[in-house]
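Input: one structure, supplied below.
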C-alpha cells in the first residue's frame, strides 16, 4: 500500500484531464481572430485576390480541417467527433476578421477546436498574402461564447457572423 | 440584429454540414472499384505476385487504414469511429475488382469511408504493379449499397463478395 | 554465414524498394481522372454549385493536400518533398475531368502523387455532390505522362489542361 | 447465391474485427515498459537531465499523443475517443520504468492504447539519451490490468504508480 | 494547341507555388506571439503552474511538433525537412511572450513554420490555463526576421530570446 | 545586448538538436525486437495464423509506415526522407524476433526510425494475437548496428536477417 505514497509527487506532470465522469452534452463554441494588414494590401486582396488564389475559401477549408485535428495538435486535448465546423469572414478597416463556430456532443468543451480553426485560418491567409505584404500580424484570437458544460453559457464577446440562433435550428 | 442579414451571403462558402440534429443510427455502406490491366500482367501477378510483395494483403491494409483517415482526407467529411472495415478482392477478365464494406453507429453515413477504402486499395495495387505495367487504369469506383439514415436502404448495385447478411450476424 | 541462407525466403514480404542508388533527378508526372454524373446534375452544379459549397476549389485543395500525404497513404511509397502540385478541372459531357501535375527533385518518380491527387479530388467532388446525385462514379484514373528517371519520358496520354511546356518555364 | 461460395476463401485476409454487436462500456487498461541503461547513465540523467532537455515530461507528452494515434499506427485497431491518458515514471536499479493508464467508453478495449503510450514514451526516452548511452534497450512492455469487456477484470501484474482506485474517483 | 487557351482561366484557382527553379539555400526565420492574461493568472501560473501541468515545456513541444506539420496544416505550404526548431518564452507584464526560430536548407522560406510553431505554442498555453482564466487572448503573432532567399535578410522586429548569432554557430 | 544573457537559462528546455552544420551522408541502422509468447501460442500462430489474419505481412507494413512517421511520433526527431525500410521476422523458441533496417541520405542518423519500425511491428503482432494469448510481452528492443555519421560504424549486435552486405548492393 505504501507503494502509492509517492504517486502524488510523480503525479505532478502534464496530464490529459480525466473526463470520464463528465456528462455527454451538446457543446458549442464561437471564437474570433484577426489579421492586420496595410490598407493597400487589403484593397488589393479584395479586388485582385491573393497571389496563391482565392483566399477566403482556402482559409475556410484549412480552418475546418484544423478543427478536426485539434486533438493531435494540442497535446492535452481530447480527440472529439465534431458535428459541425463553420468559419465566416469579414473585411475590416485594418484587415480581415475570422469567426469560427464548432459543435459536438461530448464530455468536454469545444473551445480549443474553435480557437484552432481560427488560428489556422489566419495562418493560411498570412501564407497566401505574404508575397504581397510582409508586415501582417495575427491578432486578438479569443473565445467569444461557449455553451454546454458545468458552467452553462459563457459570453465573453459577441459573435457577429454566426449567430447563436442559427445553431439552434 | 441587422448584423445577421449578410450571413446568408457570407454563408455561401464551403461547409461541413451540421449533423447535430440527425439521429445516431447503425450506418453501413458497400462500394466497389476496379483496376484494369493487360491480361499478361494479371496472369503474372496471379502466379508470381507483384514486384513489391503480396498485393492483396497490402492493398487491404491500405484500404482499412485509409477508411479510418477519411475525415482528414476529404475536407468536409465528419470524422467517425468505425466499427468495422472490410475489403475483399476478385480477379476479373481485365484485372482486379475491390469491394469494401464499412459500418459505424453515427449521425451520418459511411459511404465516403467505403469509397475511400476502395480508392486507396486501388492506388496501392497500382503502386505495387507499376513496374510491370504502366498502362493500368483505375475504373468505376462507385457506391453499391447503403443502409441507415433518412433514406433507409439504398441499392445501386450488388455486393458480390461481402454479402449484406454477413453484416447482420 | 549460413544465417543468411534463408534471407531470400523471409525476404519475400512486402518491401519499400531501395532507392538509395538511384540518382536525384527532376521528376514530373501528369495524371487524370473523371467523375461521371447525370446531365441534370452536371448542369445543376455548373449553375448553382454543390450543396456543400464551391466544388472545384475544394477539390483542388483536397488534391493538393493528399498529394503531400501520398507517402503515408500508400504503404510502400517513399515520402517526397514536392516542389509543385497543380490541379485543373474541365466539365465534360458526362461530368467532370480532373488533371493533376506534380513535380519534385527526387530519387523516385512522382506518379503516385499525381494519381493520389486526382483520386482524392474526385472523392471530394463525390462527397460534395452526393446529396444531389447518388449514381455518380469515379472513372478512368490513369497516368498521362512522366518525365525523369531511367526510362526518360513516358507518354501514355495527352495532358490537356496543364501543358508540359508550362512546367519548363 | 453461388457468388458467395468463395467468400470464405477470399475472406482469409487481415480484418478489422466487427465490434458493432459489442456493448459500449467503460474500458480501462494499465501497461508498463522499461528502459535499461547503465548505472552511470541513469545517475547522469537523474542529476543533469538529458542532452535534449527534460526527459520525463517529454516522454509523457509523447506517450499521451501516441495513445491518441493508436488507431492509425496499429493497422487493425479501431479509432477510439479516449477520456484519459496518464503516464507515470520511476527510476529503477537498471534504468527507468514507465506505467500508462488509459480509459474510454467504447465497444472495444484500450490495451493497445496503453501499450502504445508506453512504447512511444520509451522510444522518446531512448531518443533523448542516445547521445549519452548507446547500449540502452527497451524491455518488458506488457499489459498489467484491464477492466471492462466480456472477460471482466483481467489482472496480469500490479500497477504500482497509477492505482486502480484512483481511476474510480 | 488551342486546347491550352483556356488554361489561364481555369488556372485562377489555388496553387502551390512552383519552387522548382528556386535555389536550395539555408533559410532561417524568427517569429513571435503573445498570450494576454490577467495579472493574477500570470502570477498564479508562475508560482503554481497550470492545472494541466508544466506549461512552458508542454507548449515548447507542441510548437516543435506543429512546425514539423506545417506542410499538412497550411494547405499551400511545401513540406520541408527542418534542421532545427527552437522555442523560448518570457513572462511579460500582461502575460507570456513566445519566440520561435526555425531553420532548414530548402527552396522556400520557413516563416510559416516559425509562425505555426508560435501559434500552436500559444494555443497550448491557452488550453492549459483556460480552467483558470477564460479571458485570455492570443495576440500579435508576427514574423521578426528572415534570412535566405531572393530578398536576402528581412528584419521586421528584434528577436529577443534566440539571437541570430546563435544560429550561425 | 544584455537581453541575451538569460538565453542560457531559458534555453534549458527541450530542444530539437540543430543539425544544420552536420554533413549530408548515407545513414543506415539495424534494430531488433522480440515478442515473447507461450509455446502453444507460437505453434498455433505458425500453423493457423492469427485471429486477425496474416501476421507477418501486417506487422511488416505497420513497421514500414511507422518508420516513415518517426518524425511526428518522437517529438524531438527530425523528419527524414527514407530511401528504404525493411523488416524481417523469425520464429524463436519463445516467440517472434523482428529485425528492421532503414537507410537514408541525411544530416542525422536513422536509428530512431529503425527502433520505431521494430516497436510498431511488435505492437501490431501483439494486437493481432491478443485474443489468443494475454500474457505476451515485448522485449529487448535495441539498436544492432549503425553506419554513417561522425562516429562511423557502430556495432552493438549482429543483424541476422538483413545482412550489411545486402545494403551495399
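Residue numbering begins at 1 within each chain, and the chains themselves are lettered A, B, C, D, E and F in the order written.
The rule is simple: a residue touches a chain if its C-beta (ideal position, glycine included) is under 8 Å from a C-beta of that chain, and two chains touch if they have at least 3 such contacts.
The shown structure was predicted, so the numbers you read here are calculated from the model rather than taken from an experiment.
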Which chains are shared contacts of subunit A and subunit C? B, E
Over half shared or under half: which fits the residue numbers at the contact of copies subunit B and subunit C, same or different? same
Chain pair among E-F, B-F or A-C whose interface repeats that of C-E, sharing over half of the contact pairs by residue number: E-F
Note, CA centroid farthest from subunit D's centroid sits on chain C
For subunit B paired with subunit E, centre-to-centre distance based on mean C-alpha positions, whole Å: 36
Based only on mean CA positions, could you tell me how far subunit D sits from subunit E in angstrom? 31
Going by the contact rule already set, what residues in subunit F reach two or more other chains? 13-17, 53-54, 57-58, 61, 65, 69, 75-76, 81
Sort the chain contact graph into one of these: line, ring, star, complete or other. other
Give every touching pair of chains, nothing left out. A-B, A-C, A-D, A-E, B-C, B-D, B-F, C-E, C-F, D-E, D-F, E-F
How about subunit E: which of its residues touch subunit A in the complex? 12-17, 33, 51-54, 57-58, 61-62, 66, 69, 73-77, 111-112, 115-116, 119-120, 122-124, 126-128, 130, 134-143, 154, 156
Seen from subunit A, its contact residues with subunit B in the complex are 26, 56-57, 60-61, 64-65, 68-69, 81-90, 103, 105, 160-163, 166-167
What part of subunit F is in contact with subunit B in the complex they form? 53-54, 57-58, 61, 65
Subunit F - residues contacting subunit E, complex: 3-4, 7, 10-11, 13-20, 71-72, 75-76, 78-81, 107
